[in-house]
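You will see subunit A twice below: alongside subunit B first, and alongside subunit C after that.
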Partner chain A sequence: MLDGRSLIKRRAGARLWLAGLWLGGLFAAALAAPLIAPQDPLAQDLFLGRMPPFWMAGAEPGYYLGTDSLGRDVLSRILYGARIAFLVAIVAGSLTCLIGAGLGLAAGFLRGWVDLAVSRLIDIWMAFPPVLFAILLIAVMGPGLFSIILAIVVIDWTRFARVVRAEAMAQGAMDYVASAEVAGRSRLSTMIVEILPNVLPTIVVLLTLEMGIAVIVEAILSFVNLSVSTDDPTWGGMIAEGRTSIHQAWWVIVFPLITLFLTVLSFSQLGEGLKDRFDPVLR
Partner chain B sequence: MQIFRTLLLRLATTAVTLVGAAVIVFFVIRVVPGNPIAMMLPPGATEDDIRRLTALYGFDKSIPEQFVIWAGGVLSGDFGMSITARQPVLDLVLGRLPATLELSLMALVIAVFIGGVSALTGTRERGTRIEAAIDVSNGMALSVPDFLWGLILVLVFGVAFPIFHISGRITPSLDLPFATNFYLIESVIRLRFDLWLDLVSHMLLPALALAIPLAAIISQLLKQSLKETMHLDYVTLSRTKGYGETHVITREALPNAILPTLTLVGVQFTFLIGGTVIIERLFSYEGLGNMAIDAVINRDLPLIQGIVLLFALIFTGVNLAVDLLYAVLNPRLRHA
Partner chain C sequence: MSFLTLEGLSARLKGTDHRLLRKVSLSVAAGEVRGLVGESGAGKSMIGKAILGILPRSVEIVAGSIVLDGVDLQSLSPRERRRKIGASCALIPQDPLTALNPSRRIAPQITDRLVDILGWERKRAEDRALELLGEVHIAEPERVLRSYPHELSGGMRQRILIASAFAAEPKLIVADEPTTALDVTVQKQILKLIGEMQRRHGTALLFVTHDLGVVSKVCQTLSVLYGGMVVEDSDVRSFFAAPGHAYSRALLAASPKYTDPDGSLTPVPDAVIEAVRQEVAAADRTWSHG
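Let's look at the complex of A and B:
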């Protein structure tokens, strides 16, 4: 059957594949960073400062993507930076998902005072600019990986809560829920057994998108120097450093920026692709 | 009467939100470890100096007491003194606010322009390669946040094709005749188009970075509702009357299709304002966001409180304004 639907499906398929390939490859490279990184990401050598990437004149063998102003290998730092990016994406993403989706589910299905409290909290949260809120929390808790993860969870739970609440509310009004209750299921068990599986696709999509957001937030915080200690390689830190020497050594900023861009793009394409995949109308 | 009650309810929830925001900001900040007072004294300060200064800033009282004093001050327009700048927070914040407002509004104008034009073009050329290209670029623009667009713009226009400034708000060596901090607006009023050009050339890239995601949202939503409207009978009627496609889209379909977009633009505009924090930092633009990050790095508590509270006020204010505008523009609500 050749109609619009199959066309959309094919496009979504290619998107999913490309995004998955990049993320999977990068994740494997991050895991294997100690084995495959050509140099020590922290090793400084002032005689090797600002060496260009391998195809340009004056490149130093073994430093494929050039070096920064302290002579540290850009490629190795990107690989080690990927470890931090994925760590934050996975841990912060799933914690945010757990808390946000849990609250949203309870608010949307149980209604009553739970809904009132959660909705009011969401309203208050929406009054803060997220980046400013994140920076504020980091300032309070002190920089570090733990603070970043906590800040993301504290700020972004509303993304899940808002959407899941609306979905759970719509599901709760359906006949199958009423019949489950008639059959003697308790409210709580209906919520977990009947509602949760039906909002799960939405939660998975949101989780994928949230991982991309977590990567960006980590990059922003390390860009303003509030992330992990300045020695540890992070993409945001590399970009901040490259920003200062942008006219002398473009490769210091360009390569981490491309990596960050493709990673964020992939997470969001993966999320959008999954959304289409889960959509019963398109399926 | 209905609309009056809705309005009152809306005002009440806005007030609750603002009070909640103030309470959260205040208490989050009190958890800060370390003594900010010790930072602002010279190395040879005595215990007595520390105590006097602590009392001056009210840090020696209990936290609930501090909150009452602070909240009372805020309500009477006194946000306390900045610890690093040693000036009233209100003066500092109001001094920077115009820069951030001008940047946000410029971004909004750019976003509405790009988004509107591409939505209208996409509707006119629906089903063609042009529409497909618009869809793909909208998807790209939405996948990546303003921070990354800003960095890309810095690289492309700041470094590869250096036609725009990538740092600051205005060239520092220029003589400024301005009486207010609304430089962009004042430069037009004073007919100083040389200064206006310099300002725009500084603001264009950060404003564009902020505008790109919003433009894509506007384009997507407006195009969708335009296409839905195009199928309605009255649009077909006007087409049979012999009006051209452009007239049908802009005069007949647009007025009916624009409402849902308008509501969304309001909500998204608050996100755009939130984005100024990091974009201002990236472009070294002297606005509120840049000051906020400095304040956080310097642990300047009163200043942080003031800035965050002002942002919360702007956010809730914009949301309220959008709701009211919607009520005024939507005929169904107006007659209710």
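Let's look at the complex of A and C:
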């Protein structure tokens, strides 16, 4: 009587743990940056320019990952940069998810004119070249954290809307939806109670992916100097600065790059891991 | 007086002239079990969906009426219609594997309508669900109520759906090919169970199927459909003794016989199909274009 599948112990998996560990650790470090950062991330000291990381000869004590050409501490700048990265990831990711998934769910389940309007909007939206769109938006609004978040939301909501719409359509064709409607449930209530829980695993995966994408987009915009003011340390800004001195001081570009890479990778692995774990049916 | 009456119900694909139902008239009295028989695409499921108000968006009703318990459903607002249908009708769906929400436990899926539509208290609704699972012969009903659908077998899920359909004591249940998705050994049990529940609760049943063998076991009356048109309306005993319409006779002859399991099947002759097609076309010509 009991299906054997329910007896399978689902292992959290190494990737979920590793991704969680990295993101959790980095998030905590970002929050505690003022307490744990060894140096002031903005303090320049031209006598300490291009100091190598701690294991190399000539390293300066207290500057664990070396310094850039202006003598600023790389580790401290990465930690402070993480604050901006996480802020953008969380705020832009959630907003994009809320708007995109909401529209997609309504279009996919309610169909009719709602679907028509949302689908055409998506088609039109996706015909714009996204990078140009972002640069244009920021050029008009002026650089800053708010502009970056807005640019990400405006560009990426279609990603959610498309996938969630397709998923909601597939669920809407199931017999359990018909049963709920025969039982007198209203359309809106069916959408929230019956459909939403079944598209939630998809939404969670998309959300974590989107957070990774938000981090990348922020880095790209910082790289081309369209992000927050140049005083604030950002990973993209560090990579841009490090590029100019890559032959003399590789550490200035390599450490932010590694951090960025691991963070984005962790976000996507976290999504996959969560999906495996919380999907009620093993797919 | 019959509980459900369809009067000249016609439906078409929205915006086209493609007819799906052609002046369908039939009635189901309180406690009656009526079979709705036809080939694939004859419109039998469509009729069930029209009664329950779950027609696909692409289908529109162009003429006729559905009178449920003395109320013409078309005259109600969508909201009132949903209430009316929810309070007096239920569905036993075709595929038990997709008919339960995979991310919700069984208990709320049975009790929802009792709480939402009939305004019962949750405790009372849960006791009722336990009692119903007993009626459909499910052992350990407490544990089943706490399970998710994927933890249960197809036959179990169909039993739960049957229990759920009878939960609010509806006056009419539409069973849309309830045994098609199950394997043969389970089919027989489920049929027996539906019959048993129907007799115990005295519910009228509209039994949609393509299996005349099932009709002879479960139903009292039947309507034979072809091309969205009722070609014969009869009670089961006289139908199986002597079908009135040539198409019905051919359909009956085409069914496999338990007495001769190895005998080859007789297809419906082309001449009979041609005749019934012409009958449909002739009927179309005499009716105004709706």
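What we mean here is this: the second predicted complex is superposed on the first by the 262 of 283 C-alpha atoms of A that agree within 3 Å, B and C clash if a C-alpha of one lies under 4 Å from a C-alpha of the other, contacts with A are read in each partner's own complex, and residues count from 1 in each chain.
Assume contacts are C-beta pairs under 8 Å (C-beta built on N, C-alpha and C of every residue); 3 or more make two chains touch, one makes a residue touch a chain.
Fair warning: this is a prediction, and the values are worked out from it, not measured in the lab.
Participant: If you stack the two complexes on chain A, which partner ends up touching A:Ile216: first (subunit B), second (subunit C), both, or neither?
Facilitator: first
Participant: Looking at subunit A, does subunit C or subunit B touch more of its residues?
Facilitator: Of subunit B and subunit C, more residues of subunit A lie in contact with B.
Participant: Applying the touch criterion given at the start, work out whether A:Ile135 contacts subunit B, subunit C, both or neither, answering first, second, both or neither.
Facilitator: The answer is first: A:Ile135 touches subunit B but not subunit C.
Participant: Contact-wise, after the overlay, does A:Ser186 reach subunit B, subunit C, both or neither (first, second, both, neither)?
Facilitator: second
Participant: Between subunit B and subunit C, whom does A:Arg243 touch in the aligned arrangement: first, second, both, or neither?
Facilitator: After superposition on chain A, A:Arg243 lies in contact with subunit B alone.
Participant: Is A:Arg111 in contact with subunit B, with subunit C, with both, or with neither (first, second, both, neither)?
Facilitator: Only subunit C is touched by A:Arg111; subunit B is not.
Participant: Show me the subunit A residues, by the header's touch rule, that subunit B contacts in one structure and subunit C contacts in the other.
Facilitator: none
Participant: Considering only the defined contacts, which subunit C positions touch subunit A in the complex?
Facilitator: Per the touch definition, subunit C meets subunit A at residues 49, 52-54, 57, 79, 82-83, 85-87, 89-91, 93-95, 98-104, 109, 112-113, 116-117, 139-140, 147-148, 150-153, 156, 161, 164.
Participant: In the complex, go through subunit A and note every residue touching subunit C.
Facilitator: On the subunit A side, the touching residues are 1-3, 5-6, 111-112, 174-176, 178-186, 194, 197-198, 200, 280-282.
Participant: Tell me, which parts of subunit B touch subunit A in their complex?
Facilitator: For this pair, the touching residues of subunit B are 13, 16-18, 20-21, 24-25, 28-29, 31-33, 139-140, 142-145, 147-148, 151-152, 154-155, 158-159, 270, 273-275, 277-278, 281-282, 289, 292-293, 296-297, 299, 304, 307-308, 311-312, 315-316, 319.
Participant: Can you name the residues of subunit A that touch subunit B in the complex?
Facilitator: 120, 123-124, 126-133, 135-140, 142, 213, 216, 219-220, 223-226, 239, 243, 246-247, 250, 253-254, 257, 260-261, 264-265, 268-269, 272
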